[in-house]
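Both of the next two complexes hold chain A, though its partner changes from chain B to chain C.
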Partner chain A sequence: MFHYEFMVIAFIVALLLGAVFPLLGGTVVYKRLSSSGDALAHSSLAGVAIGLVAGLNPLYISIAACVVSFLIIGLLRRKFGSHAEIGVVVVLSAAIAVTGILSGYASAANFESYLFGSILLISYEELYIVIGLSIVVAAFYFLTYQRQLHCLYSEEEAKIAGIHVRWLDFAHSLLFALTVAIGAKIVGSLVVSSMLVLPTATALLLKKNYRITSIASVIVSILSMAGGVIFSYYLDWKPGATSVGIAVLLLLLILAYKGLSLLLKRKKTA
Partner chain B sequence: MKRLLLLLPSLLLASCAPSGNAKPTIVASFYPISFLASSIAGDKYDVVCLTPSGAEPHDFELTPKNVTTLYDSKAIFVNGLGMESWVDSLQESLKEKTVTLSDGLPTKTIDSRIDPHVWLDTRLYEKMAENMATSLAKLDPSNVQFYRDNCATFSKKMADLREYCHKIADAFEDKVIAVNHAAYGYMCNEYGIEQLYINSISPDEEPTQKAIEDILKAVEERGIDTIFFEELASDAVAQKIAKETGAKTESLNPLEGLTAKEEREGMDYFSIYRQNMDKIARSKP
Partner chain C sequence: MIRFDDVGFSYDNKELLRHVNFHMDDGQFVGILGPNGGGKSTFLKLTLGMLKPQTGKVTITDTRIGYLSQTTSVQERNLQCSVWELVCLGLVQGRKLFLSKKDKAKARAVLEEFGLWEIRHHLLSELSGGQLQRARLAKTLVVDPTLLVFDEPDAGMDEENHHHLIHVIEDLHRQGKSILFVSHHPHDLESADAVYFIEDGELITYEEETQRGHHHVSL
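For the complex of A and B:
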């Protein structure tokens, strides 16, 4: 399997992005914005369409579209209060509409090649981008770990404690949007929007503290991403779909395990 | 047991080792390209077609096995003109051995976009066969004559096909067809037929109001009685138009791929091209 260089690169990228996705996705899940990955992936498509029609670099515009979209989601989140997820749907719909309208003006061929992300076809340049992104995300995560935890616990208290909540939020948004835009281009939007949420969801089922949940989500995510690369090689499946399939399977397994142990406990007490 | 254990590594080695006497492979992106490849390369190369039968080349995504095939192959033949969106994302070493067969062909545009369906023009397809023969000759100079001969045989078959189609087209008085996806521009152009279409680029795109209105009007005004759709894509729009105008629907194959049934029945480029022309000729009011 590792006889081929492209498989080595795919494996490295699976490990790196596998760690990066849940580190950023966790916060989004806790903020009840789980589908923002999906919304942003569509925004990045809209960005590609705008770039192609306006004759600008589609990759940069798609990154910009992601950042702007996530800031809008953040604003709408404050507006809608307890219905935070509405903002996500608004952005998602707008992005799909823009893409649909503009795709009539851009050449379909060009469009497809920008949408096309496959972990099997990663250039050196893309590999370096992934490595750079991973370093930045890891640094951000560990440097702001305490402050983020504080904000998640209570934004009000964090403010009183002197944490620049807005700035922290903005920095996280920026990194999150950047990761979705780059991730969609490199490994495809299905993988990105799933890996931002599923591993954290699985880890949450364990009902442990924040630290263990974070660690577990990274492990689940890496297992899914790397497993997708390995299994798809031997089964001749599509790697992205295989990774997502594994992530869902892991979630179901933990769910089944939890259900069973609950059942056993009840029997013991009964 | 011991003997078995001793045997094991050699068995493993035998199954893993790239067998030296196996034929080298060349990769083709989708049907018309793989048909050219096997016609010209004959028994000198194994031809692997990346898009499986029954799949639409536009929707195609690579698996690890596909990519290993690309790495192990001597050359990768593609149509180009945007039919294979994955070519742009290939690693440099793969791009280097990729041959775009449509290079240098006079292409046509449809709604200000390049129409990629060049293989439906028999003369352009012949040119692509020549391009294929030239690059195979470069790859394997000891068999230059073999590839030239195959190319000549292929050209002769194309000439026969052209003659057959011209005869049919001449008898087809209407000289107009209605299709759901404008894939037949090159074919229609060759035989002086006009192509009315609903979608210009993608067979599965949502059509605009105006496109539907235009085609409804045209179908009624010109007494067209058949709306053509393609087998590898949805026929919903064609059905709708047919219902609205009382026309019937019929399938045409733009030869982007064969259906599983066509493959079973041993059909190929030539027989399907003929079948398309027959269907068009039968669509008289």
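For the complex of A and C:
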């Protein structure tokens, strides 16, 4: 399959996005804001619809839509306090409304490519965007690793330790919004929010410390994304959907393994 | 040293603290009592630099401040963090990115001191209440703070762990550390050098409070 240039590019992009998704998605899972990925994915779709109707580059408009949505979610989160998830639902609903209304005016073929992604049809421009995004996300993750963990443990204690919690939260959310918008174009907006959550959810089942959980989530994500490209080549399946299918399968396998080992342990002690 | 000079703070048109004057010397053990919503949290946030006073001035000379908040529901949260990772977090002040060998040796020493070295790879969710309390204390003490601020760290703790915590705090005071302890239980502050009461945004000495006779509390 690597005789074809488009497959090589697709594979590289799958590996890069496979690493990027859990590096940002993990924090969102820990903060119990998993649905914000869903809201941003729908916002990216609304951005695509606006771009297609207005005759502007849908990718750039979708990035802008995600960034604006994340800012609105942040504002609403502070407004609603303990009911932070309401902000996510408001943005999700608004995005669905905008997408629904404008989709009637946009070309169906173009629109569908954003629903399910087009990892096999990536332009060089998009490849460079993914490489740039991966470098920035990886740098951000490694440089702020300890500080992010401190904030996840206790924002209050992190603030007292001199960590700029709000700045960190802002930078993370901004990168998260960018990743959702770019990921939506490549693996599909219906798929991206799953890929941001599933690898961390699977890794959490291993019941290991934060570092191992993070590494495991990246491995699960890369396997799923690369598997999606490979299966799409040999079986002609949709790559984005296949990646999510593999991620779900891996989660179920680990769940089954955990259940089985617990059963064996109980039998031994009985 | 902590010093409040005529400090006031309001939020949403509500005066949370008014005309607060307070002084705490190095090495002192000061206790703070008071009902919920009386202004204790605002007082602590001002002490810790999380809030800036709207009137008056707050002066803190300590640079290494250890803070132990109310027992968070770490065990209920799905953050999977080991004891070792938690204690190392205490060393990550500000912009520090990586831990040096010296840092790791410090973390090991404090874990050994609290009897946590053997279970350093355990997740916080796997710890008993007492072990979690010791792990949180180890994280606070790993930077060798000169001032320790405790914000009702005993909330929801069983009696045995509660006694142990008070014993550790008194021991830290004997070692020369400054202690600011916000508590619900007056008897926790038996060895404090001074005890204050915060109610309706006012800070008064414990003696004044008992003279007013609003509360039947005894040390």
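We adopt the following convention: the second predicted complex is superposed on the first by the 235 of 270 C-alpha atoms of A that agree within 3 Å, B and C clash if a C-alpha of one lies under 4 Å from a C-alpha of the other, contacts with A are read in each partner's own complex, and residues count from 1 in each chain.
Going forward, a residue touches a chain if its C-beta (ideal position, glycine included) is under 8 Å from a C-beta of that chain, and two chains touch if they have at least 3 such contacts.
Remember, predicted model here, so these are calculated numbers, not experimental data.
Participant: Just checking: does A:210 make contact with chain B only, chain C only, both, or neither of them? Give me first, second, both or neither.
Facilitator: Once the two structures are laid over each other on A, A:210 reaches chain C alone.
Participant: Answer with first, second, both or neither: which of chain B and chain C does A:150 touch in the superposed model?
Facilitator: Touch status of A:150: second partner only.
Participant: Return first, second, both or neither, reflecting whether A:236 touches chain B, chain C, both chains, or no partner chain.
Facilitator: first
Participant: When the two structures are overlaid on chain A, which partner does A:121 contact: first (chain B), second (chain C), both, or neither?
Facilitator: Only chain B is touched by A:121; chain C is not.
Participant: So, does A:161 touch the first partner chain B, the second partner chain C, both, or neither?
Facilitator: second
Participant: Determine, under the contact definition given at the top, whether A:30 touches first (chain B), second (chain C), both, or neither.
Facilitator: In the superposition, A:30 touches chain C alone.
Participant: Using the superposition on chain A described above, determine whether A:104 touches chain B (first), chain C (second), both, or neither.
Facilitator: first
Participant: Touching chain B and also chain C: which chain A residues?
Facilitator: Dual-contact residues (chain A): none.
Participant: Considering only the defined contacts, which chain B positions touch chain A in the complex?
Facilitator: That would be residues 58, 61-65, 67-68, 71, 81-83, 85-86, 88-92, 113-114, 116, 201-202, 205-206, 208 of chain B.
Participant: What part of chain A is in contact with chain C in the complex they form?
Facilitator: Touching chain C: residues 29-30, 32, 143, 145-147, 149-150, 152-154, 156-157, 159-163, 204, 207-211, 213 of chain A.
Participant: Please output the residues of chain C touching chain A within their complex, sorted ascending.
Facilitator: These residues of chain C touch chain A: 48-50, 65, 67, 69, 72, 74, 77-82, 84-86, 88-90, 92-98, 121, 123.
Participant: Quick one: in the complex, what on chain A touches chain B?
Facilitator: 4, 6-7, 10, 100, 103-104, 107-110, 112-113, 115-118, 120-123, 229, 232-233, 236-240
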